[in-house]
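Following: one structure in structure tokens, then a few remarks.
Should a chain be cited, it is by its letter among A, B, C and D, assigned in written order, with residues numbered from 1 in that chain.
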Amino acid sequence: MKPSHPASDPRQLLEQMLLIRAYEESIVSGSAAGKMPGTCTSVGQEAAAVGVVNALAADDLILTNHRSAGHLLARGADPGRLLAEVMGRRDGYCKGRSGSLHISAKELGVVLTSTIVGAELSMAPGVALSQTMLGRPGIVVCFFGDGAACEGSFHESLNLAALWNLPILYVCENNQWQAFVHRREAMSREHVADWAAAYSIPARTVEGNDVFAVLAAAQAAAAEVRDSRRPYLLETCTYRTRGHLEPDDQGYVDQAELAAWLARDPIAACRNRLLANGSLTPAQAAALADRVSTRIAVAQAFAEASPFPAAEELCRDVYA
Amino acid sequence: MKPSHPASDPRQLLEQMLLIRAYEESIVSGSAAGKMPGTCTSVGQEAAAVGVVNALAADDLILTNHRSAGHLLARGADPGRLLAEVMGRRDGYCKGRSGSLHISAKELGVVLTSTIVGAELSMAPGVALSQTMLGRPGIVVCFFGDGAACEGSFHESLNLAALWNLPILYVCENNQWQAFVHRREAMSREHVADWAAAYSIPARTVEGNDVFAVLAAAQAAAAEVRDSRRPYLLETCTYRTRGHLEPDDQGYVDQAELAAWLARDPIAACRNRLLANGSLTPAQAAALADRVSTRIAVAQAFAEASPFPAAEELCRDVYA
Amino acid sequence: MPTLTLYDAVGAALTEEMRRDSSVIAFGEGIATKRRELVDEFGGLRVRNTPLAEGIIAGTAVGAAATGLRPVVDLLFAPFLCYAMDELVNSAGKLRYMSGGQFSFPLVTLAMTGAGWGVGAQHNHNVEAWFVHSPGLKVVMPSTPADAKALLKSAIRDDNPVLFFLDIGLLYQPGEVPADEQTLPLGRATVLRNGQDVTLVSYGKTVQHCQQAAETLAGQGIAAEVIDLRSLKPLDEAAILTSVGKTGRLVVVHEANRLCGIGAEIAALVAEQAFSSLKAPIVRLGGPDAPIAASYPLEQASVPQAATIAAAAARLCAAQPA
Amino acid sequence: MPTLTLYDAVGAALTEEMRRDSSVIAFGEGIATKRRELVDEFGGLRVRNTPLAEGIIAGTAVGAAATGLRPVVDLLFAPFLCYAMDELVNSAGKLRYMSGGQFSFPLVTLAMTGAGWGVGAQHNHNVEAWFVHSPGLKVVMPSTPADAKALLKSAIRDDNPVLFFLDIGLLYQPGEVPADEQTLPLGRATVLRNGQDVTLVSYGKTVQHCQQAAETLAGQGIAAEVIDLRSLKPLDEAAILTSVGKTGRLVVVHEANRLCGIGAEIAALVAEQAFSSLKAPIVRLGGPDAPIAASYPLEQASVPQAATIAAAAARLCAAQPA
């Protein structure tokens, strides 16, 4: 499987978001039913993922983290292999060894996914160095959270990328939460983009729940990185509308803030806009929803049918 | 021994700088003669140390690093006990266990000196937290280099200090070098002070070879920290005129840059100014120099007479 | 006796010690959210959420400990300690000695570790041996809620930095915990079962596996002695040597990688100091030299289970005395 | 044969491998300054100075290694590895396995360690055992310039992350180094001296002390076999077991803290797998559980010296067979 072509039709963007949502919801219910482990879902953040990934070329490389389903699915990952991985099955992208938290898919250019918050930032310069020194055209996109931005690796990574002219598009998904800590309790500034100026790295914040705004901003940012061969930081402002890790009762969440963000649901916004401007008919919308739920059902069946790895796998692939 | 009173007479500032220079030179020659280990001298940076330390109150606490002789001596440390420590003798401030690189002197308020570059930054918030939570008036002064500013701990420390309102005066001694790497090869910006804005921490750069300018800037900065109970960053721009660690032929150093900074020697500048404005007579200058060399000679004799620690010391003070 | 999970036993210890001593403070990534009752009782200055930055959490604890506070920090999962190694090892572990005894570092670092949740190698990596190898640090890993509470109270009162590991697999198992303010000294193992044929030494989750193995062995006429180390440093060498002096046979069991693990230390200790008592080779059962997979069956396969322990011990007892 | 110091042997290995393979690059805090000749030959893109930030140096190496380059990074002194633990342990060591084998990490980390310069515990801390305990990493520590060159060349060609430790005390000792492009396989120990009475196993600086001890012992009629491990992971278990199978007596010597060190691993290995050959207790000689002082006499006292080794071995040989 290769990275899917960037979506050119707005309906494709909507379909990707629907797929991500349905995928995450299948895990939420699977996990509530005890059939699946809990995961860090990206519900509410679909536009931020879809908008950025569809701004990329096939030879660009992506680094991501524990909250990666959106990035993977937008890049064309097979939901069946993803679910198999979440369930620790042999047909998962990582043979079941990763589970949900660190799914890499090299064939899609999704490399070195790590659940160590901050590790994506520490590895991105090296990936970009390879691109540069080996003469590869692709840029490197590093997705990270507002929490990761508080790790020292943020500072070290941006300083090095600026110094060494590394073609990295840093994408901070500021979803207002760092697990059980609100961004306000953890950051001395409102925005991670405010921190980029220290390194003379151009930066922009964008409304992260508007997939078209994100796509446009990401296209501009990626073009700038591609041309300048220098880093750029794009901050997508969004919200984690479910808990950190399923199950999570969100008892600690400010209900007014949550409600305000739920009212700005990226999928509803996109669908309403397409319906309103006539790019989508209600029948087409229903067909999209159907297609998506069929894909997830097929994926689930595939994952459930996939066997667990054999015991001999315990020590395989430790050393090259 | 208690911290010495801040110098009120400009001649005392000069004398402190002379003492630091003479102390460092005694180590350079002792080490060339094989009597002493090599150290990281602060030659050329005396004004930056003396100016800041004399802006502090007795109950302020200082964290410093491997290049600390100036901070210690300006704070009133006994050069004999310092030299004994450098030589690994029993009467050193740390019983000979530290050597030159991590001399703490709790009695002087010089706490937790570490040679791990960046560790001073990581420990400073905790010291300031104690001051705050235990109701102590003293502020915390954290000396660190331009190199330390490149470590992730810089980012983590400043972000936390800003968030938690910690009374820390961060003092970056930007001496243009990070061991064998020029600051230009390591920093995406010219000044560490440029990085402070990211945390909404007020910052200022000051000509670090002018002891009066440093003193004035440090007094203002310390007052601001004392009043606001918030962090502040002061960057003293200076130059390491000797090598990183004695002996060091400085073959890698741009000779024009070195010559330019040597021409701005902080001690010569201070002495000339005092002679010119009549605060110091040539005879007084000579007397100062004499007094300083006598003190160093006495210190050296003391250190040399101090025995090495006994073998039973090997495992003492590991656990409390 | 009241029943608590290990997670709640930690909370109870924190509460009691924070009541007792106003210099005890706690902070970490979410501790003020997850242990809201501590904030309610002690206020938001003594119990704080932090930015997501393990290095500065640990460094702040080190600085605070040296200057009058007694911090407890929650670094969540053991692999995240990798971001705090400098602060724990180079600062907390060394600056007392290096300063000639000028400072002490009464601080406790909590970290979860071990199999049970299928969270993969970046959450499940047993690194307690690193801190045993590093000077100036103490290391504790309890196997029951009662021990967790009593040991954590001692760790908080100790004037040294203590790494306090919580076995993920035990975290929500309930257990009886005395209601009183009991403490347990660090460095004292406990003999959970007496026996004269073979000694099973363990800590954390595999203690239970050893106890099950001992049951099985009893059915085969083999009397196994089961020792729970509880503290890994200081290590209760006397308890181990006494037991092996009696049984002459030793199986050390843990979940961590065998190579240079606690099992290696104990095997070496016994081969040095109780050699003449030994009737059979020493057996170490531990994790493989591999990251731990998320996949549940693989994760479980990496942990020494009761049947394996019983089989190894039975083999030792069957062998001719050397 | 030409004579080189260990420091220069490292330079020679780098030069040869960078000539051989254009994907080999080198970076670190000052490497382009201190090894200027590499910049002159290979240019400032392949040999770079970095900011003072070990985490990003190691992380960049990890990212580069996974995507086509073969980085060698100089992290200076071993205690500074504390700032790179996440990148080395959680990323380089685990992401191959965790990704189901999608990536490999051909990278070498250089670090100096050990007594000799009186620089204190924040520069001198032997942490090689940490990396043996961690999965997915190889660990090498040579004792001669010739071995350093040949092993570093192999380490650079290896597709796994290799921690390559340089003993400070040996760094400027000259030694003969073959001029040809010789490599040595990782994981192969060398028997430096044959003997049938006692096996002395060591690595790094204390290898020489073992050889001196063997001389002393020879004078007392005791034939010591001396093994230099060279690689700590993979460990040449066969070489150790074969030797102890012959001598029945083992002294393991290193400078690192004894607790959970390489000596513990080797003692445990032998107590498990060569128990029936053992005629006497195993002896571990290593550093104390203390930071290393800067004061020269204390620093030296922390290292097992030849006399101590000889005395321990002689005592073993005098003891009655068990």
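Rule of thumb we're sticking to: a contact is a pair of C-beta atoms (placed from the backbone, for glycine too) under 8 Å apart; a residue touches a chain by one contact, two chains touch by 3 or more.
Note that the structure is predicted; figures quoted are calculated from it, not measured.
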{"item": "Chain hops separating subunit B from subunit A, counting only touching neighbours", "value": "1"}
{"item": "Higher-contact pair (C-beta pairs counted), A-D versus A-C", "value": "A-D"}
{"item": "Most distant chain from subunit B by Cα centroid", "value": "A"}
{"item": "Chain centre separation (subunit A, subunit D; CA means) in Å", "value": "41"}
{"item": "Distance from the mean Cα position of subunit D to that of subunit B, given in whole angstrom", "value": "36"}
{"item": "Separation of subunit C from subunit D, taking each centre as the mean of its C-alpha atoms, in whole Å", "value": "29"}
{"item": "Overlap residues in subunit C, where contacts from two or more other chains coincide", "value": "50-51, 53, 55-56, 79, 82-83, 86, 90, 97-98, 120, 122, 135-136, 288-291, 293-294"}
{"item": "Junction residues of subunit B, two or more chains touched", "value": "96-98, 102, 114, 116, 118, 150-153, 156, 159, 163, 185-187, 318"}
{"item": "Overall pattern in which the protein chains touch one another (line/ring/star/complete/other)", "value": "complete"}
{"item": "Residue ranges of subunit D touching subunit C (in the complex, touch as defined)", "value": "79, 82-83, 85-86, 89-90, 93-94, 97-98, 120-122, 125, 127, 129-130, 132-136, 233, 235, 256-265, 267-268, 270-273, 275-276, 278, 280-284, 288-291, 293-294, 322"}
{"item": "Contact set on subunit A toward subunit B in their complex", "value": "150-156, 158-159, 162-163, 185-189, 194-195, 197-201"}
{"item": "Contact set on subunit D toward subunit B in their complex", "value": "29-30, 33-34, 36, 49-56, 79-80, 82-83, 117-120, 122-123, 288-291, 293-298, 301-302"}
{"item": "Of all residues in subunit A, those that touch subunit D in their complex", "value": "61, 63, 92-98, 102, 104-106, 111-114, 116, 118-119, 121-131, 133-134, 152-153, 156-157, 159-160, 163-164, 316-320"}
{"item": "In the complex with subunit A, residue positions of subunit D that touch it", "value": "23, 25, 45-46, 48, 50-51, 53, 55-56, 58-69, 71, 86-87, 90-91, 95-106, 135-136, 138, 159-160"}
